[in-house]
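Take a look at the following structure, please.
As written, the chain order gives the labels A, B, C, D, E, F, G, H, I, J, K and L, with residue 1 at the start of each chain.
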Amino acid sequence: MSEHTYRVTEIVGTSHEGTDAAIRNALARASQTLRNVDWFEVVGTRGHVENGVIGHFQVTVKVGFRLEDAGS
Amino acid sequence: MSEHTYRVTEIVGTSHEGTDAAIRNALARASQTLRNVDWFEVVGTRGHVENGVIGHFQVTVKVGFRLEDAGS
Amino acid sequence: MSEHTYRVTEIVGTSHEGTDAAIRNALARASQTLRNVDWFEVVGTRGHVENGVIGHFQVTVKVGFRLEDAGS
Amino acid sequence: MSEHTYRVTEIVGTSHEGTDAAIRNALARASQTLRNVDWFEVVGTRGHVENGVIGHFQVTVKVGFRLEDAGS
Amino acid sequence: MSEHTYRVTEIVGTSHEGTDAAIRNALARASQTLRNVDWFEVVGTRGHVENGVIGHFQVTVKVGFRLEDAGS
Amino acid sequence: MSEHTYRVTEIVGTSHEGTDAAIRNALARASQTLRNVDWFEVVGTRGHVENGVIGHFQVTVKVGFRLEDAGS
Amino acid sequence: MSEHTYRVTEIVGTSHEGTDAAIRNALARASQTLRNVDWFEVVGTRGHVENGVIGHFQVTVKVGFRLEDAGS
Amino acid sequence: MSEHTYRVTEIVGTSHEGTDAAIRNALARASQTLRNVDWFEVVGTRGHVENGVIGHFQVTVKVGFRLEDAGS
Amino acid sequence: MSEHTYRVTEIVGTSHEGTDAAIRNALARASQTLRNVDWFEVVGTRGHVENGVIGHFQVTVKVGFRLEDAGS
Amino acid sequence: MSEHTYRVTEIVGTSHEGTDAAIRNALARASQTLRNVDWFEVVGTRGHVENGVIGHFQVTVKVGFRLEDAGS
Amino acid sequence: MSEHTYRVTEIVGTSHEGTDAAIRNALARASQTLRNVDWFEVVGTRGHVENGVIGHFQVTVKVGFRLEDAGS
Amino acid sequence: MSEHTYRVTEIVGTSHEGTDAAIRNALARASQTLRNVDWFEVVGTRGHVENGVIGHFQVTVKVGFRLEDAGS
């Protein structure tokens, strides 16, 4: 059926390197347990600071994935 | 116990017909796997356009459902 | 005097049919008691679900109406 | 080149019928002058009221379209 | 690996007592099924009124929990 | 008729005790003049400070109540 | 009793002169029918344009006024 | 045809005098190149400061204008 | 001079007890170093969870205080 | 070094005259104690009403100023 | 005349590399057809995922450019 | 005492390189004068464009730091 339904889940990826790496880590982890991941949207960027330097970046992403029909 | 707890999940329903049908499709799909669905809230309306006409409407809805006690 | 003043009130219309009917119901009810209704703005769309289907749509609209001069 | 660029323009479609028709009218008009229209997002729903009934619905949509390379 | 990933889920806790108790109920219920719950954020406070008094408070909280590695 | 219409009014309750008491005060006062109060939503929490301590909490709540049919 | 309750109503003032005059017009009109008006907050500034010049400014203000005790 | 379509464009007007003058400058400039300008909405007010005094006010306005039919 | 100027600073109060205590702690700490604290506004409520129970509530408040004239 | 850093502080200016004067008062006061003030952004407009007329306008502005190097 | 007017247009830049490259691509494309581009503001970051990895980043930027006088 | 209080200040970091470098510059500068910096949150990303290329990125971050007890 071509009228797909999607679910959106919220994931926080972290990285010592930067914001893009945190996004990539979030998506990599999401893809371990979710099939058909289709898009993401960044909804927040935060981070922890330790001794005056950034310990890690924390990027919150909404991740959309296509639901398969429950009956199939 | 009368002090219920609810969970809210985010679903994107789609439809070629219009926004109400997309909402109904989202709820129909959610009810295949979730029990005790109680309310929804529309949080976004988008769509794809192909050759100058709307291919499908995409309505993002938050869906609230009552959690049953984990111990039961 | 041509410098009109308006008041904005918030109404929630409901309908079993869909969002447009809920908006029309809100405006119809507002017009029973308010004169000079001039515009509306949709500020939220929610609904109740019963046994897996939408029981009714609830659309919150801000309704603007022109105030007549208090002294007239 | 596969790294496309898009522009987003804001259009207000109107209709006596309802919100979906207002969206369709906005997209139909946008497609008269824009090529490669790809998606839309509803950002506001308002309307005018005359003599207690809705005169027309006004739906504001952001319309995204792919830019062709300026040099081509 | 020290670059953790978190998931955020949305829970509505309710209480006859007040807002803090509703938050505590939400977290207590979440901890029945989720491991490694780490933080929460209040995103909405509503309630039902019956015969002129508050029947129960409903506090919507986002709950963040650390994901364990899928392969472990 | 089962398709109810509701009106939403905005009330600021105050209390020397705390935020929950301010909410309860707002609802108690609203119920003196409004029938069929059904729900509330907190939309803001502020307060005044006098000599370094909180003089009173001010909680703004939207209060929804069912409209009776104008003709009845 | 020193724990006052306030109500907030939304008014649109208009003026050919400018935004401050539109705010003043909104408050002047509100004070014709409301006692104990205490504060306002600007929540939107719009206007109509006719033949390339601003016909009038429309400023939406939330107006807070102290409620007297219903039993008095 | 009475079902008009409008486009919304975003303009930043500036003025040494104040916010109203900045709005008027934005509209005057928009009317040099756009026909059928119908309304505006203020979406932001900023400014530059030089040597402790305001150099100029910058008011961002959304400007709505009626589209003529592309085929006419 | 009666035209006062205020400054707004953002403080996060924490408490093991609840949200009101966290607000009070924020104001008590602010009053140790700021004179003329006049009002506060809650802008966020979060918290940490340890072993399934709330470790502490964190309430972010904007705190407004009157500036004394710099020349005095 | 040409990669400047700025700090943003929040000031509430007040005036009996109007919103522009309140903005100017905020900036004048900020410049008494801050060097290198560079820009401002209006983030809220409120006011007090006394006996049916506006007692004073209160405009909240974010004020940005360039930080000098701490070591210089 | 020193009282400039600016227009703001919304562009979505994409990149396989990351968010900064997507911003740079948006600006590079905008500068092909717009003169006097002066500033940008990021208003959204999304992306597509294909087979568990990010296909491309999509960053929506508002781009401000100075309008030349229409009569020149 | 384990019930810490934090203050949040807003800093704009800039960089010719990109958004992550601008965040790092903001934190580095904040740590020159603030002790106990604990976290940050990105609240805006803008930049200047010169001759069609990005002159510098400007990232606004809220920086949270733990307050030491005023009496110590």
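Just so we're on the same page, contacts are C-beta pairs under 8 Å (C-beta built on N, C-alpha and C of every residue); 3 or more make two chains touch, one makes a residue touch a chain.
All figures in this text were calculated on a predicted structure; none of them were measured in a lab.
Traced through touching neighbours, the fewest hops from chain F to chain J number 2. Residues touching across the chain B-chain C interface largely differ between the two copies, under half of the numbers being common to both.
Each chain gets a centre from the mean of its Cα atoms; the one farthest from the centre of chain F is K. Equivalent interface to I-L within the set G-H, B-C or J-L: J-L (over half of contact pairs identical by residue number). Separating the centre of chain D from that of chain K, both taken as means of CA atoms, is a distance of 20 Å. The distance from the centre of chain C to the centre of chain E, each centre being the mean of the chain's C-alpha atoms, comes to 33 Å. Each chain gets a centre from the mean of its Cα atoms; for chain E and chain I, those two points are 24 Å apart.
Across the assembly, chain G contributes 9, 19-20 as residues in contact with two or more other chains. This structure has the following touching chain pairs: A-B, A-E, A-K, A-L, B-C, B-D, B-E, C-D, C-F, C-G, D-H, D-K, E-F, E-I, F-G, F-I, G-H, G-J, H-J, H-K, I-J, I-L, J-L, K-L. Residues of chain B touching chain C in their complex: 19-20, 23-24, 27-28, 31, 37-42, 63. Taken together, the chain E residues at the contact with chain F in this complex read 18-20, 44-49, 52-54, 57. Chain contact summary for the complex, chain H toward chain D: residues 3-9, 62, 64, 67, 69-71. Residue ranges on chain G touching chain C, taken from their complex, read 9-16, 25-26, 29, 32-33, 56, 58, 60.
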